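Each structure below is given as C-alpha cells.
Note that chain A is present in both complexes that follow, paired respectively with chain B and with chain C.
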Partner chain A sequence: MKRTLPQSFVLYSGLVVVLLIIGLPFWWVITGSIKVPREIIARVPTMFPQSFTLQHFEKLFQSTDFPAYLVNSIGVALFSTVITVALALPAAYAFFRMRFPGRAALYRLILLAYAFPTIVVLIPIYGFFAKVGLIDTRTSLVIINVAFALPFSIWMMRSFLSTVPREIEEAAVIDGAPARVILLRIMAPLIAPGIASVAIFTFIASWTEYLFASVLIVSDARRTIPVGFAGIIGQYQIDWGLLLAGATAATIPVVILFAFVGRWFVSGLTEGAVK
Partner chain B sequence: MTSPRLAFLFVTPALLFLAAVLGRPLLQAVVLSFQNVGVIGTTGSWVGFENYATILGNTAFWNAFGRSALWVFANAVVQTIMALGVALLLNQKFPGVRIARTWIILTWIVPTVVVVIIWRWLLSTSGGMINPLLIQLGVIDRPVGFFATREGAMATLVMINSWRWFPFTALMMLAGLTRIPGDLYEAARIDGAGAMKRFTRITWPLLQPTLLVLGIVGTLLSFNVFDVIWLVTAGGPSQATQTLPVLIYETAFKGYRLSEAATISVLTSILLMTFALLATRAMTASEEAR
Partner chain C sequence: MAGLSLKSVKKRFGDTEVITGVDLSVEDGEFLVFVGPSGCGKSTLLRMIAGLESVSDGNIEIGGRDVTHLDPARRGIAMVFQTYALYPHMTVAANIGFPLEMAGLGQGEIDRKVADAAKVLHLEPYLQRKPRELSGGQRQRVAIGRAIVRQPDVFLFDEPLSNLDAELRIQMRLEIARLHQKLKSTMVYVTHDQVEAMTLASRIVVLRAGRIEQVGAPLDLYENPDNIFVAGFIGSPRMNFVTTTVSRVADGFAYVNADTLGLKEIAVRLRGAVASAGETVTLGIRPEHFGPNGAGSLEGTVSVVERLGGVSYVHASLADGSQIAVESRDSRAYQAGQNHAFAFDTDRALLFGSDGRRL
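Up next is the complex of A and B:
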C-alpha cells in the first residue's frame, strides 16, 4: 500500500511531535548538566550549550553520597533480578505447561497482588522487618522488589512458553529426561527472550522503586538512587546543575541496559498483552 | 505429561515467597485496622470498628478519595488520547520503526526521581524551559507558577505522570492494533472507505477489548502512584494533590497513627478489589456476548 502525500505529512509530523515530547526534556536535562550555573538559570534558556563544564559531575561524585547510591542501586537491582527469574521461571513453567489441581485458582490469586494499593503492605512489613532485624538492610529492598515483580514476571513468561512446540518437550520426556533438565536445558534457551524481558522488567522496577526504599532504609550510606537522590533535592539550596548531573547519571545505566535487551523487553511486553 | 507433585515443587517457592511478603502483611493490615496502634513498633488494644467510624466520618478521607478518583480519571483521559495517537503512528511502516517502538518507552524506564527532576526544572521559573517556550508561542504573557494554584498543581501532576506512562500505554495499544487483520483494511479500501471511516468502523471497535483491559490495569496503576506526587508537591498546596496513597503515607509516617492508616488502606483495597472484580466481570460478559 502506498501513502498519499498528505498521509505521509501527517505521519512524519506526528512522529516529530512525539520525538520532541519525549526527547526534548531529556535533551535539555543532559545538555543542562554540562552548562555552567549562570547559563542554567539564564532568563533566556539556550537550546544548545554555550559553555562546557564537568563541575556538576565532580561535585556529584566527590561531595555527595551519589557513588554509594549508585552501587547500592545496582546491587539491589541485580540481586532482585536474579532471584525473580529463579522463582518465576519454574512457577511459570508449572502454570502454563503442567497440570495440577488448583492451578487456575492459584494463578488468579497471584495476579490479585496488583489489585491492592502497594502502600497497604508497607505498614505491616515495616513492623515485621523490624522484628527480624531487616530494617536498614539492602536485603529488605531485594525481598520487596522480588515480591512485587514476581506476579507480573510469571504472567509475562506465558506468551513465550506458548511459542515452544509441545513436541519438543514430549520428545525429551520420551528420552527419559527429568523435568529439571527439560526446564533448564531445553526450555530456558528457547525462551531466552522471555527471561530477558522478565529480567529487565525487574531491574527497572527495582531501579526506580521509591516508596519502600524511603521507609525501610535509614542510614544514608545504604540508600538507593531514588531515595538518596530525592534527599539531595531537599538537602541543598536547589542546585540545578548538581540535580541535572544526577539525573543524567541515574539515567545512563538503564539506557545502556536497554540498548542491549530493550527490543526483547518491548516484544515481551506487547506479546504478553495480546494473549 | 508430568506429575502434579513436580508442578507443586515448581510453584511452591514463588507462592511461599508471595504469601510471606504480600499475603501475610495484607492480613496484618486488616488486624491493625481493628486496633489502636500509634507509632510503629508499639502495641495496641482491640477497638472494634472504631477506626472505621473515625475514617468514614473524616472529611480528609473523603476529600482524598475524590482527588484519587479525579486523578485516575484525568490520567486515563490524557494517557488514552496521547497513547492512541502514538500507537496509530507506530503501527505504520516507516524507516526506523523498530527503533521507535523500543525507545518510545524511555520515559518509563528512567527512575521516577529523574522524571521529577526533569519536570521540576523545566517548569521552574528560574531557568526552566517551559515558561519562555509558552511565552514565545503566545500562550501566556508572563511566567506562571505551575504548582502555585490548587487546580494548576493537580493538572501539572497529571501531565507529568501521563508523560511517564503514555508510551507504556501506547505499546499495549499497539499490541492490540497489530492483532487487527490487515485484510479488513484492504477490503474497506476496495469498498472506497476513507481513512476516517476505516478508523471509526474497524480500528476503534476492534480495539475495544484492548482499551477495556488497559482501562482496568491503568486504573490500578495510576491509583497507586505515590512517588511522583510526593516528590513534586508532597500533596500540596494545602492538600490539593493529596490522593489516598499520600494520605495513607502521611497518616502512618508523619502523623504516627498506624491503625488509622491501616484502616484507610483496607477501605482502599476493598474499593479497588470491587472495581477490579466488577470490571473483569463486565469484560468477560461483553466478550461472551460477542
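Up next is the complex of A and C:
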C-alpha cells in the first residue's frame, strides 16, 4: 500500500519522537563522558561536544574500584545467564512434552513467583543465606538472579518449543533419538531465537539488579556495577564526568552481548522442515 | 523384512473410540494402502503401528514379534511423514545419516550407507545442502532416504505426496512404486487419494469411522465392492447410484426398474444376498459402463460436459434430481441442456440393499 504524504509525515515524525526519547539519554551520557568537566557543567549545555578528553575513563579505571565491579558484574551475569538457560531449556521441554500429574497447575504456578514484591522476599532470603553462609558471596547473587529469571524463561522457552512442528520430534523418536538428544540436537538449534531471548533477558536483569546486590554483598571488592557505582556517586561529591564514563563503560558488555547473540535472531529456522 | 499383523486393535481418546477393533494381516513384502475419507482413522492406525500413538486394546505384531508396547525405534519400522519432517538445521547427508548415528554405527559405515541411499534416490548432488535449499520433491526424497537407510522391516508412509503439486505427485508415486519393487519390503501407506491407492497397492484397506469396510486387491475392490461406501469411494469419477424397485427375483437375478427415470425392467446379477420383490434398492453403475449398446437406459438432461480430450465426462440430472456422470468417447455427442437416454451395460451394474450392503 502506498502511503500519502501526510501519512508519511505523521509516521516519520512519530519515529523521530520515539528515536529522540530513546536515543537522547544515550547520546547525552556517551558525549558527556568525553567532555572536559567545565563543558559538562556549563550553564548552556552543548549538544555536540566542544572538547575531547579521556580523563574520566582514565580516572574510572585507575583511581576507582570500577574494574573490580565490572569483573564482578560480568561474572555474576554470565553465570546467571548460563545456569538459567541450562535449567530453563529442559524444564520447558518437560512442561511441553512430558506427561506428569499436576503439569498444567505447576506451569501456571511458576509465574506466581512474580506476584510477590521483591522487597517482601528479601528479608527471608537474607535470613536463609545468612544461615547457610552465602552472605557477601557472588554465588548468592547468581542464585537470586537465576531464581528470578527462571520462571519467565521457562514460560518463554515453552512457547518457542511449541512452534517446532511435532513431526520433527516424532521423526527423531522413530530414528531412535533419546529425549536428551532430541532436546539438545533437534529442538535447541530450532529454538535458538528463544534461547537468545532468554539469555539477553537474564543477562540484563542480572546486570542491572540492585536491591539484592546492595543487601547481600557487604565488602567493596565483591560489589557489582549498580551498587559500586552508587558508592562512587555518593562518597563526597558528584563527579559528573566519572559518572558518565562509568555509565558508558557499563553499557559496553551489553552491547557486545547483543552483537554476539543477535545473529541467532534469524527467522525461518525451521524453513524446509515441513513444507 | 517381515509381515505385520493387527489383532483387535482399538484406540480410544477419552470416551470416543476412533479405531473400533481392527484385525488385519499384511504379508511380507506387501504394499498395503489405507484409504478412506478424512477422520476415518487411517493416520491414527498408522501412527499406532509406528508407536506414536498408544494402543487402547488389542496387539500389533511385526515379523511375529509383539511390538504393541515397544518404543517406535525398536519396532523395526521407518516412517515418512506428509510434512517430510526433516531436521532443518542439518544437511541432507546428516538428515539421512541421523538414524544410523543413533543406532551407534561408525562414521565410515554411515557415510557409505548414506551414499548408497542418495544414489538410489538421485540425491547425490544435494548431500551437503540444507532442506530449505531443496524443492518439495527433493525434500520428500530425503525423507524417504532417511527411512531406507535403516533397512526397516516395515515402511510406513503417512500421505507422503499430499504436499506436492500434481505433476510431482505422479512422478513421486512412480518412484515409490519402483522403490517397492527394488526393496521388496513391506510397506503400509496412508492416503485419501484413491488413485494413489489403486496404482500403488497390492491390497487396499478401505476404512470408515475407524472400521475396515473392505480389504482386497485394487481391481477386486473396484469390480466387486462389498458395500455402497466402497463402491462409491473407489473409482473416479465415482460410481453412479440410482434408486430402483425390485419387481421380481429369479435364477440369481433381480429385475429392477425405475419408471420415473426412464429405466425399464433390467436384470441385475445378485451376488448372494437375497432381494425381495417390492424392495427399494440402489443400482450402481460406473461412468465407463455407459455405452450405446447397453441393455439398460436412464433418461436425463445434460448439465455439464467435461471434455478431457480422449474421453469426456457428461454430467446429467435425472428426473428425481439425482446426478449421474457418464464417460463418453465421443466428445461432440453431448451438449449442455439436451435430453438424452444414457444406455449402460446391465451385466456390470451392481445392486445395494437399503442398509448399503451389496446384494
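As a convention for this text, the second predicted complex is superposed on the first by the 259 of 275 C-alpha atoms of A that agree within 3 Å, B and C clash if a C-alpha of one lies under 4 Å from a C-alpha of the other, contacts with A are read in each partner's own complex, and residues count from 1 in each chain.
The rule is simple: a contact is a pair of C-beta atoms (placed from the backbone, for glycine too) under 8 Å apart; a residue touches a chain by one contact, two chains touch by 3 or more.
Given the structure is predicted, the values throughout are model-derived calculations rather than measurements.
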Contacts of A:105 with chain B and chain C, given as first, second, both or neither: neither
Partner chain in contact with A:256 - chain B first, chain C second, else both or neither: neither
Touched partner set for A:132, first chain B, second chain C, both or neither: neither
Greater residue coverage of chain A in the superposed arrangement, chain B or chain C: B
First (chain B), second (chain C), both or neither touched by A:179: first
A:247 touches, of chain B and chain C: first, second, both or neither? first
Touching partner for A:171 - first (chain B), second (chain C), both, neither: second
Chain B versus chain C as contact partner of A:18, first or second or both or neither: first
Chain B versus chain C as contact partner of A:150, first or second or both or neither: first
Chain C-contacting residues of chain A that also contact chain B: 170, 173, 269-271, 273-274
Chain A - residues contacting chain C, complex: 165, 167-168, 170-177, 181, 186, 189-190, 268-275
Contacting residues of chain A [partner chain B, same complex]: 1, 7, 11-12, 14-15, 18, 21-22, 25-26, 28-29, 32, 40-45, 87-88, 90-91, 93-95, 98-101, 103, 106, 110, 112-128, 130, 143-144, 146-148, 150-151, 154, 169-170, 173, 179, 183, 204, 207-208, 210-211, 215, 225-226, 229-230, 233, 240, 243-244, 246-247, 250-251, 254-255, 258, 262-263, 266, 269-271, 273-274
Complex contacts: residues of chain B adjacent to chain A: 1-2, 4, 6-11, 13-15, 17-18, 21-22, 24-26, 28-29, 32, 40-41, 85-86, 89, 92, 94, 98, 100-114, 116-122, 124, 126-129, 132, 163, 167-168, 171-172, 174-176, 178-179, 189, 195, 210, 213, 217, 220, 223-224, 226-227, 230-231, 244-245, 248-249, 252-253, 258, 261-262, 265-266, 268-269, 272-273, 276
In the complex with chain A, residue positions of chain C that touch it: 50-52, 71-73, 77-79, 81-89, 98-99, 102-103, 130-134, 136, 139, 146, 150, 163
